[in-house]
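Below, each structure is written out as structure tokens.
Shared chain: subunit A. Partners: subunit B in the first complex, subunit C in the second.
Right, the complex of A and B next:
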């Protein structure tokens, strides 16, 4: 129980519950199953991006190219499948999008792992490069008719229920993708030497090299994996929107980074969990979605999100600092 | 003679034209503690890295159990049982004690999936060998420096270590922690372990080691049983010059108290502290960690202002609530950890020297003339004997001792009257230490007052005129330095525990 009180995740969950209770009091519509499904749907794309960003932050790096990778994978996948007049399953779209994302991630990994350039510089550069290449050479027109498989996937639900007013609310199948990805990332980070090596790298890169970790291999995994998750997120986004807009996604970077940091990941590396990241995403999505239910103007959402980040991470930083102080370290 | 477990023979190594080692030899026998001493830049670290297989020598050979290698690679070194405890411990602050202990072993065994139970088992066994108990679930960031070191030692032992190389292990430890460390080292020796103790605190080396090897400018200059050496011999070998310990020209002008502190208190740190220090006087402040000595210094410098009490400079009451207040009053502070608190390592020497007085040298409109800056700073390079080809070089390129001189000079250049020195020679080699001590004396000779906060009893006895002993936030003893040596001081401190 005491250990629970020391966990960032506990406070985050409590904050989300308190916020939800407040919103539910003001507008009972918040408590409906339909709204819950909406929140899950709204968390899927951001959650996939956030898992990738979590891995990068834990390793001590930072990635701002994931949205550009997502947009690139989404648009190219849609164009290619349309060009081939592909009628098969959306699984192929996900595999293709994931593969494109992985390749773009490995492009980052090359500069970071082999040329040892700073991660922020590399991903800032590659983000602009990917986006520019996409718009200049592949296209700027919105694809309004997606390949048949992607359209079918967008209508697929895990669970449906008929509401009192006769409409049907459903939990989209893509949410399952987020659940599986979260479980996988969680298992890799916590339960394998590959994942522990990423924490070690984020905690003390010099010691990680001395200990004999294969750091280049890890950079390939970190940025390749983030690319994979970003590519999947892009394809899922297109399915949800029922179109592929090459101008979409870019601009989400700060929100996703904010969610991950809110979830307890340290911007200086070595800290962060999947659970915290999902809670951070959940909180930000709840704020964004629910303030609409309360008739709060959308500009205020930004103010609220900003305030929550400052207060929440501020408290964690202060308590961590106080504890270090108690141990005679500062 | 018994065969050595590990020996380096006639090792030479150069880096881009700079000869770091010239035909250096050192040998370690079973159950032996050997001290490797030398000033910064004498080649100690290069030699360590060659023994650990991190660097390859240009010439010479490394002999392990009678087998000759031209070059050891890191894995061979580990397999041969050679472990280095680096000065920074090479730990992962974000991971738990258990994981830090087990990580290398898991890596070595090619583990893919982590098992908590196995991790715990490895960690418990590692600490048991040292006979110590540390909470395995704590993260390393939460440990004290001494406990971090224990974890690093315990981890080294896991690799069937037979030879442990400790790179300046006592630098960040308090007196009591050093004693604990020595106990552990003696235990390891009794278990048949060989240790190479690299350091420059000569009393420690002489107290602990069986044999000593001295390096100077990358060459062997002396070697033998520890009993053959006196501290003076070692200093002479290390520096190649004769540094005399004392003659202090005590020029205390007793008539004026430059600094007078009355009834200064800060909740949770110190209470009712009163003392006075005259111009030309060096007053030492010592006490165990947690005695309030550092907090006292910080409050005098305005970093953590006191709750009550008065501070007078030259009989004028001053109110110190912030660092600018302290600077205006003429109080300067040279911090404990020169790297994290003291210098801007990437910036040039001249900028570092100028930083604390910028507002005084700036044009009233706020801009700063580089030429003026250079003029203000130039004399200090010479006066402090900072060895550098150019004042525009980054401080990071200087040796530890010269970096410390830059920190000192930065405050002197502000024309301070009271200088608070917190552990000014921590991590500094003998030659530079003597220079810093001489510098302190020269400064007070010019009418400054220095407060010297230190753990180094010999330093206190040699440099100070009076020594104040703090305990639990109060000054409990005042000892005149005349006729006082480090042993007497150690007895005083011992009484407090």
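Right, the complex of A and C next:
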């Protein structure tokens, strides 16, 4: 089974490389350092969201409220810090955004973990609730001057490079946040009883309960953790855009979902890895980026993302069947 | 146990009727004569049939234990394909008939695609219909490059704006769809098989049901209902757009939950949908009219409504959960 998973990620990486080579031939601009940094930057927000969605999919649920949580945390954090005239570090913004996201995630967890309501319908409702509350009662105006700390954070780079034309391209510091988050989520999912319990819950909830896993606690962790990652993603998004637009983020749900299912996670639960998810994010960002470089109208991106969801879920379903048949289960 | 379940569901119907009347009375009190004015009542009768058709489509998939999230995209793609035929300046009666059949054909084809993905390719309904939702919306955009297709013959607009013996045509179409679906679900073998499939898919397989064919039929039919709604939408607004009415999805799910459709499959009634869609329309129109209210008017906008639908959906789910605790 492990070999099969490895194969999936191997093929995904190969596909990304092949696609990149093809695009590079068609448009050499793709290979430039500046574009590579752009790809990393573009992957950061989507990657943070995707890690959250991965946890939910592994547990056998689905979350369509993460983008609304991200937008909510981003906007409220910016408003609060501006209201306090806060001049300190962006770490405070990240903590505040993460805390708001966690609270909203726990709101979902209450309905899912304690009342055992279906995850799709709960998160459909809460997404609309969060977004409606944000736009109706908090504000619709774009915040154009962010708190000083967030502006400083947005200019911080891990690595800079002077290009031939004299401009400077940099890898934003927020990319480090994605790396740290990915390592943490990977360690929790693979290396702790908490994480193994999430796989068990996704594989077979009844068996997981019989095996003695505390499922309610798991659900609190799953949706709280997803909320935390979404809140962070929202704040990072605001830093990158250098503004906080409450209408942003909502609408990218399906891109993120496509990336995660492309990475091998299935809603049937119990499957999915951090590495696969990151590769999936990389591939989706590369596809969208290359469609722009190739001058393809943006609405074709929708078609491609829809097709990616269908094809990759189809493949995952096939291999799942084949495995079950091999084990004599059907 | 079955009898108790039947009783609790019958009392659910009475509760729903009370809720519908309650919303009606509340909105009448809050808005005074404006709510009861002929104009408001007439406009409500033209508005709710589309939402009602979407809710019937959602219910059908929910009964079999699945869900169809692509209904809005199907409606828009079907509407657009009809719109492209109708918007020609030379459109004649023949074109109108052709356009209607084209839209119905497109919607059934989209539904069959969903059914094939779920029944034969083994995708879960949520991911399959999320994927087709995005795919079909993208195709609709590509077909029109994002522009609206507007301007149809008068004869076609009757489908959305006309009346027959003082009854709005869209209402008649909805009622016809509701009656056909009610007969199908309660009087035919197919209907019983669908609810068996939703109650216990494993038992359905061992009972010898052709699960794949049932799923194909379910999603084709829900696609068809969405296509009919799409035709009414473009006839009423006299234009078709790739991303019209995306907020209908949440409202359709809300209507289905309010109607007492079991989100885990197996149960749902057309009567419930009828009452639930009425109460939601009363609420929606009532909120719209409250904009003229001095005190609360400034706070009522589309975002307040979005908030209200989300909050209501969660509330309804919690109440259901408290009423019939599922052993699962």
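The rule is simple: the second predicted complex is superposed on the first by the 301 of 330 C-alpha atoms of A that agree within 3 Å, B and C clash if a C-alpha of one lies under 4 Å from a C-alpha of the other, contacts with A are read in each partner's own complex, and residues count from 1 in each chain.
Methods note: a contact is a pair of C-beta atoms (placed from the backbone, for glycine too) under 8 Å apart; a residue touches a chain by one contact, two chains touch by 3 or more.
Quick caveat: nothing in here was measured; it's all calculated off a predicted structure.
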Side-by-side fit of subunit B and subunit C on subunit A, or clash: clash
Subunit B versus subunit C as contact partner of A:135, first or second or both or neither: second
Which superposed partner A:95 touches (first subunit B, second subunit C, both, neither): neither
Touched partner set for A:13, first subunit B, second subunit C, both or neither: neither
Which of subunit B and subunit C A:306 touches, first, second, both or neither: second
Touched partner set for A:200, first subunit B, second subunit C, both or neither: first
Touching partner for A:191 - first (subunit B), second (subunit C), both, neither: first
Which superposed partner A:34 touches (first subunit B, second subunit C, both, neither): neither
Greater subunit A contact set [subunit C / subunit B]: C
Doubly contacted subunit A residues - partners subunit C and subunit B: 266
Of subunit B, residues touching subunit A in the complex: 74-75, 86, 88, 90-95, 99, 103-104, 106-108, 111-114, 141-144, 289-290
Interface residues, subunit A side, partner subunit B - complex: 190-194, 196-197, 199-200, 202-204, 206-208, 210-213, 266, 269-271, 323-324, 327-329
Residue ranges of subunit C touching subunit A (in the complex, touch as defined): 67, 117, 121-124, 126-128, 130-139, 141-142, 145-146, 242, 249-250, 253-254, 257, 263-264, 299, 301, 303-311, 313-314, 317-318, 321, 326, 328
Contact set on subunit A toward subunit C in their complex: 62, 111, 115-118, 120-122, 124-137, 140, 254, 257, 261, 266-268, 297, 299-307, 309-310, 313-314, 317-318, 320-321
